[in-house]
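We call the chains A, B, C and D, going by the order they appear; numbering starts again at 1 in every chain.
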Amino acid sequence: MLPLESLDFDKLFSKIPDKLERTENLGKVASYIPELYNVNPHKFGIHLITVEGTDYFYGDSQERFSIQSIAKVLSLTMAFNLEGGALWERVGVEPSGNAFNSLSQLEVEHGIPRNPFINAGALLICDVLVSRLKNPKEEFLDFVRKLVGKDDINYSSRIALSEKEHGFRNAAMVNFMKSYENIKNDVDTVLDFYFCLCSIEMTCKELAQSMMYLCSNGINPLNGEEVLSPSRTKRVNAILLLCGFYDEAGEFAFKVGLPGKSGVGGGIVAVLPSKYCVVVWSPRLNEKGNSYRGIKILEFLTSHTRSSIF
Amino acid sequence: MLPLESLDFDKLFSKIPDKLERTENLGKVASYIPELYNVNPHKFGIHLITVEGTDYFYGDSQERFSIQSIAKVLSLTMAFNLEGGALWERVGVEPSGNAFNSLSQLEVEHGIPRNPFINAGALLICDVLVSRLKNPKEEFLDFVRKLVGKDDINYSSRIALSEKEHGFRNAAMVNFMKSYENIKNDVDTVLDFYFCLCSIEMTCKELAQSMMYLCSNGINPLNGEEVLSPSRTKRVNAILLLCGFYDEAGEFAFKVGLPGKSGVGGGIVAVLPSKYCVVVWSPRLNEKGNSYRGIKILEFLTSHTRSSIF
Amino acid sequence: MLPLESLDFDKLFSKIPDKLERTENLGKVASYIPELYNVNPHKFGIHLITVEGTDYFYGDSQERFSIQSIAKVLSLTMAFNLEGGALWERVGVEPSGNAFNSLSQLEVEHGIPRNPFINAGALLICDVLVSRLKNPKEEFLDFVRKLVGKDDINYSSRIALSEKEHGFRNAAMVNFMKSYENIKNDVDTVLDFYFCLCSIEMTCKELAQSMMYLCSNGINPLNGEEVLSPSRTKRVNAILLLCGFYDEAGEFAFKVGLPGKSGVGGGIVAVLPSKYCVVVWSPRLNEKGNSYRGIKILEFLTSHTRSSIF
Amino acid sequence: MLPLESLDFDKLFSKIPDKLERTENLGKVASYIPELYNVNPHKFGIHLITVEGTDYFYGDSQERFSIQSIAKVLSLTMAFNLEGGALWERVGVEPSGNAFNSLSQLEVEHGIPRNPFINAGALLICDVLVSRLKNPKEEFLDFVRKLVGKDDINYSSRIALSEKEHGFRNAAMVNFMKSYENIKNDVDTVLDFYFCLCSIEMTCKELAQSMMYLCSNGINPLNGEEVLSPSRTKRVNAILLLCGFYDEAGEFAFKVGLPGKSGVGGGIVAVLPSKYCVVVWSPRLNEKGNSYRGIKILEFLTSHTRSSIF
């Protein structure tokens, strides 16, 4: 790996417009709820923050979008902190080798989700937080706001409602896990919290800021507080690398080579430990449900800076 | 096949006590709800009615028990009548080759249950009846009472409630099918009707009477009315043979050789078309979830009368 | 069921030409080996023999075709006779609920094929015969010739060779079962016997004759010898009903209502116990791999004679 | 990540004896062939080589053992070099989420193995090499010898023969893939090469030396030659991280945090890119088939040096 000083991001970001022009904007915007479907498919934003605190950005990086599944990184972090290693008795850390919302695997493995990022796993994490927190929604939002350093980060109640109306598969999963006694709380309470969580809206910049602890040994650089211990931070990064992109995890590790997480809103966050956190946003998704141009641009970024973890 | 007159049921029934004595009462009573678990495991009843109207019986054949999944034969009959061939676009007629409550198969086949007797299929049949009937619970009970010729057949609200409290897996299935748009009504309404349906209590005699149309070309012998057309009656019998015993359908066809249906309450109904309908009840279940002694005694019955359909 | 005398086959067979004219000849001829692919797709033959020995036939019923998987009924019969009930420790009697050549199920069930008619099960039956017989090929052919009453029934070495050249999936299955120690003999010997077996050629008439024991309590009507005991004969019929049509078993039982077995050469044999055996042949196959017109004509036959087992 | 100079391996290696004493030697030696089963279960060796060329070692690090599946890293490297990106049309880069020798997944994905390290994938890589090389066995051995810098690295013909005698599952997989036309060569030739490959014997030191290109941007440090391009080297490391430990990949990434590969002989190789390559050997395997003490010691190593890639 090259020393950080050789990563000339200024030069690299200046080439992004040209690279974008030469990159087709393929794929489809998520269509299962109107709030996602109506987003302008030509939007593109990118924001990178180094551990030294320098910002690099381009495009619509200041426009808020629905972070969707990326929120699962933050809920996992909170649950891991509260529950410790006991968490892994209820959810695995293995890649799924299957679609993000498969019930078959859950059946084969008796109600233990493979990892915290497939839907079943994320729902289980919500159940943990519902058990541990007095006011899950408020406390989680508070946690996120502190990471971003802004008080106006919010859930979108419209999106949460829309999700709920199309959430039968998620309802199936919570009920199914409860039949294995791996969900402790009321089914509707867990679902309600889950839909809220996925409805958070942030800009590329805010989202990158919120994840800086992942490349800073677990420290929130805004206030110096420890969000997660260094060793647990590494473990979250490992899970991100192996499970952050559903059935495209291998492809992403292969081409981009960074721990990361995607959301169906078209966002992707990626982390080079000890170096930087970067967020891209481009709403059109490839067949695996990950941002088409997002992956292309991250591939461009890491191959030009030779900055993968491998 | 021997002519009916040679089926000397008098003689055969007189041998049942001795046969029972020589048959171990193995297996376990269903334990997931107290109402089933608290049933005396030594109960045994059998009742056979011929198309000529002769009754043969032994043991606790006049004691009511929870018919559970056997009710699915009656709900299928009602739905087939109302919906006709269109029914088969929403549920298959193939054996499942899997446990009765598997979600994996439902996933592979995109929300279309394999047959009307696995749980998912029976839930779908409930959805059809909820769509078609004004007062599903009343009208279904009415339908059953006419078949039995008794006004005091009832749902057990205690059992229905207990089932509901343990019904997360069924809730998972309804939600899952709804995510494939193969459930048209409200999830809770469908589940509520389903739990009611399975809670009906009857004696061996009443249950045998209620199914006489299956060996009488679809005619209710009590009033001469057509319950189901002759050709549809044959088709229900075919589905019973192939799918009536979950993952033990082949074994039952192999050893007993009659269309039939079992319930987790320990009841089994079996039909020899044009000849007789027989019900046995013995609460202890084998590993596949079918009455242990029930199957043994039916095997004894058909091998001694050489009266299988094969 | 109507008494046999009321089954006016003369009249019914006279209607077959008209029925055929009104039945589209859809589907595709099997194309994986040239010997099957080059068969004239317009061929159609049917031959029915009653237990009284009367013959009814139409079309190309005297032309030999490749019986393919139908031979598995005969090899099962031979193996059941030699091995008795111990056979069922190595192969199940449950419908497969899957394609005929699936390896997944074999994996889930640790090398025990679900039934003797899926490919894995038929290969296992070959292994049993290889263990039990001195000269498996000769002795099996002898067995078949006695059933038909003709000395010129033969394997087609051309077809057997072609099968072998495309038999990698079957080779995979034998190796896979051997890894579970459920194949006792040399892999190539078992495969070689299997490909031979499926290459037998017969006319509709010969094939119907060869299976008459299935509707005659196990007696070969040509010589009065017992091919299989009455109770085992019933059991073979039960397996045929549940497993004879791969993933279309339920559909066939539902529509035709007889135990039967199809082959990829376009033949179907069906049996009404104590009444008749019928064979149809029409090379074009439906999506499930069963003769398209064969099933249509059998449906016509049983619905007009009201002669299903249900 | 700490700078290399702070990784005081001298001190760390001096603590290994004590750590070993406090680590139970649980698990079981592989028992499917006598050559593996008869290995002394108390053996333990470790050897680490830094990119600067310093060696650290302990225990039986100079004793040769059967590297088994670790050889698949070397065959993949050779095939990737010869075939380039086209390789990924025939084998995936996704973690398997299943046992290393599952056929179900191969069926679901139509004969395309999920990655090059599950058995099916490694067999496919052998097929590629058989197509590309004139004398596969000689040329592959030559390739390995150059990496190690020793002429006496050899296949063990005894082990290869034993493997073959128990290789029915592998034979099933090659035949199965050939049925999907994803194997181009003769089944036996591919299997023969595969069994040879897995039979190579090396010491911890030799094995570590052979993999130094993985932490040196693809350069063989012994002769300065490029074994694989830098970008392809990164990609192999990514595949190692995601797929190197069968169904324990997530666990290993989570706890150890390095790309690596295990073998059923008890060896594990792990790589910290740009820093070091380390090999441990301890024959007893945990439930997932990976060296029990091997993983414990690597966890000790990376947690004390804080040297994971995350």
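Note that in this section contacts are C-beta pairs under 8 Å (C-beta built on N, C-alpha and C of every residue); 3 or more make two chains touch, one makes a residue touch a chain.
Being a predicted model, the structure only gives us computed values, none of them experimental.
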Maximum centroid distance from chain B, chain identifier (CA atoms): D
Geometric centre distance via CA averages, chain D-chain B, whole Å: 55
Distance between chain centroids, defined by C-alpha means - chain A, chain B (Å): 48
Chain centre separation (chain B, chain C; CA means) in Å: 32
Residues of chain D engaged with two or more neighbouring chains: none
Topology of the chain contact graph, where touching chains are joined (line, ring, star, complete, other): ring
Touching chain combinations (by label order): A-B, A-D, B-C, C-D
Residues on chain D engaged by chain A in the complex (per definition of touch): 1, 92-98, 105, 114-115, 230-231, 233-235, 237-239, 241-243, 247-251, 253-255, 257, 259, 273-274, 303, 306, 308-310
Chain B contact footprint on chain A (complex, rising order): 102-104, 106-108, 168-169, 171-173, 175-176, 178-179, 187
